[in-house]
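This is the structure I have questions about; it appears just below.
Going by the order they are written in, the chains are A, B, C and D; count residues from 1 in each one.
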Amino acid sequence: MSNHSPETKLATHTLTSLYVREMDLVNDMMGKMTFTDTMFYHIMGKHPTAGQTAVLDAVLVTLMEHGFTPSVIAARVTYLSAPEALQAAVSAGLLNVASQFVGTMEDCAAILERLVMAKEGIEAAAKREVIQAHAEKRPLPGFGHHLHKPDDPRSPKLFEIARAQTEIEGEYLEALLALSSAMDKVHGKHLTINATGAAAAVMLEIGVPARIMRGFAIISRAVGLVAHIMEEQECPTGRTIWKTIDQTIPYTGTANIKHGRKRG
Amino acid sequence: MSNHSPETKLATHTLTSLYVREMDLVNDMMGKMTFTDTMFYHIMGKHPTAGQTAVLDAVLVTLMEHGFTPSVIAARVTYLSAPEALQAAVSAGLLNVASQFVGTMEDCAAILERLVMAKEGIEAAAKREVIQAHAEKRPLPGFGHHLHKPDDPRSPKLFEIARAQTEIEGEYLEALLALSSAMDKVHGKHLTINATGAAAAVMLEIGVPARIMRGFAIISRAVGLVAHIMEEQECPTGRTIWKTIDQTIPYTGTANIKHGRKRG
Amino acid sequence: MSNHSPETKLATHTLTSLYVREMDLVNDMMGKMTFTDTMFYHIMGKHPTAGQTAVLDAVLVTLMEHGFTPSVIAARVTYLSAPEALQAAVSAGLLNVASQFVGTMEDCAAILERLVMAKEGIEAAAKREVIQAHAEKRPLPGFGHHLHKPDDPRSPKLFEIARAQTEIEGEYLEALLALSSAMDKVHGKHLTINATGAAAAVMLEIGVPARIMRGFAIISRAVGLVAHIMEEQECPTGRTIWKTIDQTIPYTGTANIKHGRKRG
Amino acid sequence: MSNHSPETKLATHTLTSLYVREMDLVNDMMGKMTFTDTMFYHIMGKHPTAGQTAVLDAVLVTLMEHGFTPSVIAARVTYLSAPEALQAAVSAGLLNVASQFVGTMEDCAAILERLVMAKEGIEAAAKREVIQAHAEKRPLPGFGHHLHKPDDPRSPKLFEIARAQTEIEGEYLEALLALSSAMDKVHGKHLTINATGAAAAVMLEIGVPARIMRGFAIISRAVGLVAHIMEEQECPTGRTIWKTIDQTIPYTGTANIKHGRKRG
């Protein structure tokens, strides 16, 4: 928290001009800046380098779409209920971008931030972190994936893209690899660095702190949800989801059913 | 509605690969496609031309940030209430992207779709549309702005960007200008084409139908909301909003206040 | 819309007292008023009669729980994604209380309001309404149910409860029955008055206008959603919903799958 | 988490009957049970005693309305943006019932649950809890209020109502008073037990565990939000909120404003 008095640096306007931060929207941004560059500039408060843009694009493309996840299911049934309120379907979906499925990204980022700051050095700190998590039977955020084995193919690709940028220093990547090495030793087997772990490291490399990282996941996932709603308009699945689930979860209460058969 | 059986063309995966529509995410998208191109491809189901990308970028940049709007106010107070749930703040904000402030875009788009299809020709149809709205004392979506006078500077810029693309045919722009010309005649004065009106026309030009247009506004506005939350983390305004409004709206009920002064 | 200057009659407080509308919360409400009476008083601005309370209780009890609906599915998957944010699960669920599944209540109420005001009399107006809907192949809100045949058992019960209250005048019930009679004639068969249709009529009888009716459905459904989340804490279904739906909706795109089997 | 296979005990139906848990909705609930009794039964899985109902009613009445809070501000501006989607306004408001303003209720409840289970006895455990929080400069949830001094008048009223019920055992009340006594000693001054602290204790007394407590706050607050929307329909404040805040938060960026005056 800060003790600034309330103020904003994000936007102002006059009768004839609009400004986003210190730039003139119409004359300096529209038609000149891409959406990705604008996003970095607006959220981070400075213009991205080419390397930062490349990494941000790659992360946004990676996180956008993961199939029929809880997020998509919530959005599609809400669109069935309220086709007049597209924004409600997207919002219901985005409420799923939280601690369980994307939150691992920021939890992993918080650890990486700690390792890079550690006085004892990254490697020693990584070992300590892994041993402690193992002792407490706590999974380490950023590791393991239920589907992609032995390795999540998105992670090495994100590393490759990040390393190809000259301005990436690589200390957060180093920290993540130190964690990975310690994980494999402690567990006696290989655990993949998953896409959210890799995304956490490369986002830190381009200057995005853990505390706002979820915001970028939300932006990316919003695109996936809009695509699902567009598909829902053309080939609806909402009623199928409803009926399928209604038949899948049996009623096991003890009501004294008088007429007809119990559902389920 | 359709009678397709439920299916999806949006994503699938194997143990070692992931696919977004018909593309290989890791080998063909990450590091090769920008976020804007990926967004168009994923939502629209085909790759954008360079001109389509340029127009989409311009629209996304235009709609991203409009200062302390209802959307931002909802997001900032919700972040004050639930700093642990960034997604809830964004969702509360996005629930404001609806009929009143962005919905005019899709309402205007629906009219433009109608004009372009009209047998009587665009100009005659535009006149009829304007006269009818005027007779019913109905504002025409896409026209007028409470701040930017005499003209919203974003609109001519969007037209300019769209016209610079060789693949833009211009029939929706023509329809919007026909409406504008009819509006000025019927009202006996100039009414600006506002940014949502112009955005509607250029989005139609790149193939985005009215029925999904709000989705792009939501994506764009999500970026603005994340920027506001990032600023809120550094320079909070939530409590100021709360206290200011609490003092602004007086209690005018008839409670028999026994001790102390009434609030307000 | 009104041209009142902004004000509120809902609450105020001093250092030692709190007021809800014109009542002292601590001395006159807590321990003395039930939640249902308080709800009516706070929303409607006057104390309910015993009959109004009885009808409101009956409607709230009726609408609370309908099994694994879209609303419940959205809430349960969101709870899986964000167990730290119970309010997000409820909100995702409530975003489904909209035009399709409860909205019929307020749409039906709007028709009943019209019929009761009609100069031609309720019966004539009802016939005209039904004939017009039939000609336009428009379903009439409040009629028909996919499960409860030939009659939705909740509807006669709501009528019975309403009629047992001496202060219920019955004109909205009369209007609904006039619609029903006209429906059966025009369709040549019996169509049930469903629970939302019956609820609309009895809510109008106790003074709740169509424009706020959805609010009471939301309150009632919030209880159902909290019950589902309590059950989800004890016997989770979220992952089952996810996996079941992921397997139910096949991928039918044309990706050139290189390794392994397609999902679905 | 449990290893039950997915199932539900909440609802089922046949062609002619509906069941909520083990009860027949039409024959045994509608017209016979109040909304409060139904709520307790449905969420908690058993019928309340008269004392449990009295306490639950009192808590729901207490938490319903707190004036122009962040929750209400979010709901009112969202209603301005989307008057066609009343559920979105309520949802945006409910997303504010989280860690900061009602969450203290469940945090306090979790401490009380711990104290009542403590082997060392309630009093000793309470002292240890307070001393530890004080050493870590952590506020204790349930204590202190920015407006109601020296005492929040709702708390003694909730205690009085709870104690008047013969079936209330009082161990959680005892635990809260032990905390209060330790707080006053450690701080060398009196700190009020606030309404959420008192509500936590009496809710535990009637059997509601900490983990679902927020759900009851959400239900209660939903009523307050619907009342605010009803008032908003009659006397709108949304635009006043927007304009007031827009003028309150100055732009302090360094844009080179070319024409006209900066906003703010």
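Keep in mind that, in the parts below, a residue touches a chain if its C-beta (ideal position, glycine included) is under 8 Å from a C-beta of that chain, and two chains touch if they have at least 3 such contacts.
The shown structure was predicted, so the numbers you read here are calculated from the model rather than taken from an experiment.
Peer 1: Relative to subunit B, which chain has the most distant C-alpha mean position?
Peer 2: Chain centre farthest from subunit B's centre: D.
Peer 1: Fit subunit B to subunit C on CA atoms, both being copies of the same sequence, and give the resulting rotation angle in degrees, nearest 5.
Peer 2: 180
Peer 1: With chain centres taken as the means of their Cα atoms, state the distance from subunit B to subunit C in Å.
Peer 2: The separation of the two C-alpha centroids amounts to 30 Å.
Peer 1: If you average the Cα atoms of subunit B and of subunit D to get two centres, how far apart are those centres in Å?
Peer 2: 35
Peer 1: With chain centres taken as the means of their Cα atoms, state the distance from subunit A to subunit D in Å.
Peer 2: A distance of 30 Å separates the two centres.
Peer 1: Which subunit D residues touch at least two other chains?
Peer 2: 6-13, 15-17, 67-68, 82, 84-85, 87-88, 91-92, 95-98, 237, 240, 248-249, 263
Peer 1: Given the complex with subunit C, which residues does subunit D contribute to the contact?
Peer 2: Per the touch definition, subunit D meets subunit C at residues 1-2, 4, 6-13, 15-18, 20, 25-26, 29-31, 33-36, 38-39, 42-44, 54, 56-58, 60-62, 64-68, 85-88, 90-92, 94-98, 147-149, 153-154, 157-158, 160-161, 164, 211-212, 214-216, 218-220, 222-224, 226-231, 233-237, 240.
Peer 1: State the interface residues of subunit D toward subunit B in the complex, per the touch definition above.
Peer 2: 67-71, 73-74, 77-78, 80-85, 88-89, 91-92, 95-101, 237-238, 240-242, 244-246, 248-249, 263
Peer 1: For subunit B, which residues count as touching subunit C in their complex?
Peer 2: 6-17, 19, 21-24, 82, 84-85, 87-88, 91, 248-264
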